[in-house]
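By written order: A, B, C, D, E, F and G. Residues from 1 in each chain.
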Amino acid sequence: MAKLPGSKVPGLVKGLGVTLKTMARTTFPSRGIKTLIPAPSKGAATVQYPHEKETPAPRARGVIALKEDNCTVCMLCARSCPDWCIYIEGHKDTAPPRRPGGKPRTVNKLDRFDIDYALCMYCGICVEVCPFDALFWSPEYEYSELRLADLLHDKERLGEWMQAVPDFEPYEAGSEQKVRKVPR
Amino acid sequence: MLNQFLLLGAVLFCIGVYGALAKRSAVMVLMSIELILNAVNINLLAFGANAGDPAGAVFALFVIAVAAAEVGVGLAIVLIIYRNRQSVDLDDASMMKG
Amino acid sequence: MSGAPLATALMTAVELSWWQQTVLRSIGVLVAVLIPAGTLVYVFLFKMMSFMQSRLGPMEAGPYGSMQLLAEVGKWIQKEDLVPWRADRKLFALAPYVVVLSVFLIYLVVPFGPDAWFTNLDTGVFWIMAVSSISVVGILIAGWASANKYSLLGGLRAAGQLIAYELPMVLAVLGVVIQAGTLNLQDIVAAQHEGEIFGWGFIGNPYILTQLVGFFIFLVATQAELTQTPFDMPIAESELVSGYMTEYSGMRFLLFFIAEFATAGAFSAVAATLFLGGWSLPWVDLDADYMNVIGPIVLLAKMMLVAFLIFWVRFTYPRFREDQLQQLAWKILIPLSLVNILATMVLKVAF
Amino acid sequence: MTAITERQQLAYAERQAAEVRVSVELETDEGMTLNIGPQHPATHGTLRLIAKLDGEQVVWADVAPGYMHRGYEKLTEVRTYPQVTTLINRIDWLGSFANEVPFILAAEKLMEIEAPPRARYIRTILFEMARIANIVLFLGDLGVQLGAVTPAFYAFRDREHVLDQIEAVTGGRFHPNFDRIGGLKDDLPKGWIADTKAVMVRIRSFCDEIEDLLFGNEIFEARTRGIGVVPADVGLSYGLTGANIRASGVDWDLRRDGPDVGLAHRDVDWRVWTHPDGDSFARCWVRLQETREATKIVDQLCDGLPSGPIMAKVPRIIKVPAGEAYVETENPLGAMGYYIVSKGDLGPFRTKIRSASFSNVSIVPWLLRGVYVPDIITILASLYFILGDIDR
Amino acid sequence: MGLVESGKLPKPLTSLLNTARKYSLWAYQWGLACCAIEMGAAFASPRYDVMRLGVIPLPASPRQADVVVISGTVTDKMVPAIKRLYEQMADPKYVISMGSCTNCGGPYWDSYSVTKGIDQIVPVDVYVPGCPPRPEALLEGIVLLQQRIGSEDMASRWRGDPIVVS
Amino acid sequence: MVAQNIFFYLFAAVMVASAIAVVTTKNVVRGALYLIVVFAGVSAQYLLLTAEFVAVTQVLIYIGAIMVLMLFGIMLTRAKIGQEVNLTNANWAVGLLTSVLLLAVMAYALIDHFGDDKLPDDLRLDQVAGSNTATVSDAIFSQYLIPFEAVSVLLLAALVGAIVIARKDR
Amino acid sequence: MSELLRSYLTAGVFLGVAVALVAAVMGLGRLIRPNRPQPEKYINYESGVDPAGSGWGQTQVRYYLFALLFVLFDVEAVFLFPFATRAEAYDWFGAVEAGVFVVILALGLLYAWKKKVLRWI
């Protein structure tokens, strides 16, 4: 491979060509008749963040949302979390019977469910192990803080993320997986 | 009016001479020599102006050229001295021959 | 009356004393230095570079980021400027001044119109060459006074490179001078306007046509003098942090920064004057009064053209290695320009 | 600022003293020493290189690693297998998914589980896409190291699309944690294959662009050709792997020549590129070609993707039977392998990680002797190591 | 001793200076680990193009940097270097802590060689969560920092007393 | 004329001061910088003598070239920063004496001889085409042609010599 | 005072003004910039570790040689400039003379080239 294939034109010129082409494409994106009007903000690959935002993939692991009603304080997530960054406290409580006349059930009520996002490594194990569909991933990512302590989200805050949880997408052809539903 | 230039030249010249005699660092000596040459140039131009003759300017140019050559060779020698024995001190340079 | 003032109108309107004029003109030069420098930074460093990389560049500060530069200046002014303990304080402070001033002095002799020039030296081009070589000293001082390895290496490299490319530049200019038969920039412009190529004087004779070799040598040399890619060894970020600027911060760094782009402007202006006919337009009467107004615009346009070439290359190429850089200068450019000179002499005399 | 604890202050002082000592003893003898790193802009990540210069020429150089040591092999001993999987994403952080594969394969080997074909194919696809994401970044970074800013921007521009695809499947831009013992966490979302093919086309055009912009450039060639030549035998004796050794003309690629570890590379046709020169240019060039090959592999696999389950039968609580297994695969940076010792409980008893970059940098002191300062950067860039992969 | 520290600056001038600082943040190019790649994406990827916000990733020397994004795993061996680099930056200077590792150890919370949180070493202005945070998350952090700068009282920051990190 | 005088004395003062600084400073690099100041002054004096071309040449060659060479030389010989060695040798007194005497003699001679000479009221060194450069050029290419060619040979010789010396033993 | 001097005096005045302005801005900066000394702020930047040694290195002779070449050729250029302004007037005679001048120095470059000075040592 002494010489590169097909470099008849001196590489220096070629290089200039590449950059110039990109510049032209950026400044004058092909928009039919309006092409001649420079419109860099259309031509550039840029998503101007504070003003416009791209939508991450539905599976994106942005932030964990908690469906509080589903959580039976079983602690599986907390125990399988590699960072031990889930803090759960609960107490037993009696709920009215399902059928009238039945005897009251005992249910576990959440007192505290915190996830420390300063420590979380976004691995998704907790969501995976949760047997009762209480944890979901939301692609939301905008929760930077000025104080480290604020990165600890309590169960209310985690609950709020539920709105941002998208539905699961259908699978590619040839798959045998069943599409799950997000409890609303 | 003329000799104020000449006097200036003279002063610079003498400062140069002093430096050339009294300095140890070879580089400093070279600088002093530059001073001398400049003094000479001033005189040349002064006389030239006095006579309204470009010859002064021309010779000043020649002197500058010579100075350039002189610095070049001079510094080269200094470098050799330095490389041979990590110092540019003329006192011990003169002590050992070469 | 001294060398004609910034604009004759100014003179006739109010009869200013020579001193006042001069001060006014000096401020004029400063403006003329800063405006192009600023434009270059914004148009090329920010916008053009971004577009070439399919980005947008500064957008938030002002509409399309037009206020960005003001922000920069405001920021740098309130930035603490540090002097390392081991540095030589006085020289450390002196260096940026030397560099900046050498740039300012270049602008002093560039004409913008038949009467719109600051001072019309008989030794125009020669003067430019002389003052532009002063910056080398400044850079050497900066590198030395910082007492930092990166700075020292960077400073020496920069100096070595600047002098290596000063020479081709001087020689390339020499070709033009031989053709124009004068050092005075104003006359050179005139010569290009009235000149003719072997008797064919349709658009006059912008020397880019007859001095093409010289023009390219000049461009390459300029690129190197600006220490821009592919010749940015002295400030090679991935090798010598920021070269001789490593220890500088605050206003002093801003000075270097301005100097860099002011130099870019200066050399493109010089190139435009020497090779593209300066402020003159073909078929337009040279000493028409309105040229005092149009001239600067024309010159700026030509300047931008040259600057575009320079920056286009800057954003495209990787950088040379130190030795390759020197070899290019000594083994190709200088012999080439020598030949160019000889050829020009012969032709000049022959025709 | 929160006060530094006693312990930290002590440690701090100690380390500073150590640094000074290194520097001083280097300074005692002639010439000047240049510290490149720990956070020299050139080394993304924090390799520290100490070079002794004569003028601009390196007379002696050594690498001071350990600035990114995170104690992986120790950490794996206190994690369960699923937790280890997510942890080791972060070893070579550019080709994350590629890190999971050999570990999972080793575990599967111990448990004598076969992942179903569909899982194997998707694994391989993601494996190759990790390689693309990795090397595309290398190509861009290369430009920056050599002073050309633009290639980096192009690289990041087109890399984004690959990451988008990876994220669409795994949910992580480059820390997927998607591989599971016995299969995969989830299946592909709808329309993914079509998008991926489009992206592969983009990547190929990017390769052409880079070839015009950088590789065709005479300056680039002048900078890299004949610089940092690694003879095949020296390279082998230093344990170079991957593109670095292939660039020295050794035609050896685990994906083709290694034992069949259960990836789908053998089902598709592609070629292994080599280069006779063994200099910096060769290394970069080989990587460029590998990117192209990778895109081809992905395309073919996408076409031939079998249907079926993505998970074999595995117990809910994974306990790996006692035993030892070693599996290595051809990662973007070279051969990467895990040696797992299991005592039959939830996590590995001991893990030895063989990472490619570590052996790749071990040649640096030999390679840097007698080169110029600017070439240091070229050579380091073309060797292409990743700090996390060196120090683990 | 500048006017600013003595806090003798008229309000409008202060806000003017703040605005200037806000839109000209030179970021020091410095990557530590995986997060550095996402930072690189935010800085160098045309899709995110941090230059729009006035963050200019030019300087290679801390002397000319205004903000440093500490991105990635901070090992104990790295700490002194980080501290020195921070201190070598010229005031006013800001720090963005990016990623779980930098925030407080992240995946290596139980590792023997990793520093659990950079804010033990240098004062941090903005914490960006994520492992790695996606580039937009970093952009959000930067916007947050800009808001902070815009409304900050320089006197209190620069009167020499260290910034308290709560 | 008056203005000329003012400027002359101004520059002269600066020059003499920095010239003395050159030979007395303890730091070689600083010395070099003072020397640059002297050169600038000299060039200004040339201007006062209307030798425009030579003045600019002075800047180009002395400041732009020779001093750079000097600085290189200094840095090659390891001028340490803030290094305060005694650069003056044992017999500086002799040197001082010599130069002072020399100055006295010269001053006497000069004042005695040129005491009352005036420079022509408007100095004009630009007879040819009103350009000083052209004048110089004509002078060179008429009666000083041989020296002109000699200079080129001299430069060549210097080049060869310097290279031979500097490249010895490497 | 004569045209010439005035035109250069302009340069002088301009220098003064420029320096004054720059200095003024510097002063402004001094007024509004902070000043927070920190223990390590003033140590030289060396990639974050203690600067090894004094920060001084012996540089190569090659720099000197290049500088030397530059000086000599610069002088040559100086002599060529006046000629250039009058090239026409001298006709062939001048051209030949100058040609000889250039060629002789070109020989010098050639010599340096042959002596491998131009190669990076």
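Here, a contact is a pair of C-beta atoms (placed from the backbone, for glycine too) under 8 Å apart; a residue touches a chain by one contact, two chains touch by 3 or more.
Since we're looking at a predicted model, the values are computed, not measured.
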Self-check item: Pair joined by more contacting C-beta pairs (A-E or F-G)
Solution: F-G
Quiz item: From the centre of chain F, which chain's CA centre is farthest?
Solution: A
Quiz item: Centre to centre, by mean C-alpha position, how many angstrom separate chain B and chain C?
Solution: 33
Practice problem: Return the distance between the CA-based centres of chain A and chain D, expressed in whole Å. | Solution: 26
Exercise. Calculate how many whole Å lie between the centre of chain C and the centre of chain D, each centre taken as the average of the chain's C-alpha atoms.
Key: 45
Quiz item: For chain A and chain G, what's the span in angstrom between their mean Cα positions?
Solution: 58
Exercise. Could you list the positions in chain G whose residues touch two or more of the other chains?
Key: 4, 8, 32-36, 41, 43, 45-49, 51, 54-59, 61, 63-64, 67-72, 74-75, 78-79, 81, 85-86, 94, 112, 120
Practice problem: Please set out, as single numbers or ranges, the residues of chain C touching at least two other chains. | Solution: 50, 52-56, 59-60, 76-82, 86, 121-122, 126, 129, 147, 149-150, 152-153, 156, 159, 163, 166, 182-183, 237-238, 241, 246-247, 250, 315-317, 322-323
Self-check item: Multi-partner residues of chain F (each touching 2 or more other chains)
Solution: 50, 52-53, 57, 60-61, 64-66, 68-69, 72-73, 75-76, 78, 81, 123, 126, 131-133, 136, 138, 140, 151, 155, 158-159, 162, 166
Quiz prompt | Touching residues (chain side chain D, partner chain C) in the complex | solution = 32, 34, 40-42, 56, 143-150, 153-154, 157, 213-214, 217, 219-220, 222-223, 372-377
Practice problem: Using the touch rule from the top, collect the residues of chain G that touch chain B in their complex. | Solution: 61, 64, 68, 71-72, 74-75, 78-79
Quiz item: Which part of chain C faces chain E closely enough to touch in the complex?
Solution: 46, 50, 53-61, 65, 67-68, 70-82, 150, 237-238, 241-242, 245-250, 253
Exercise. State the interface residues of chain A toward chain E in the complex, per the touch definition above.
Key: 44-50, 53-54, 56, 60, 62, 82-84, 117-122, 141-149, 151
Quiz prompt | Complex contacts: residues of chain F adjacent to chain C | solution = 29-30, 33, 36, 52-53, 56-57, 59-60, 63-65, 67-68, 71-72, 75, 79, 81-82, 126, 130-133
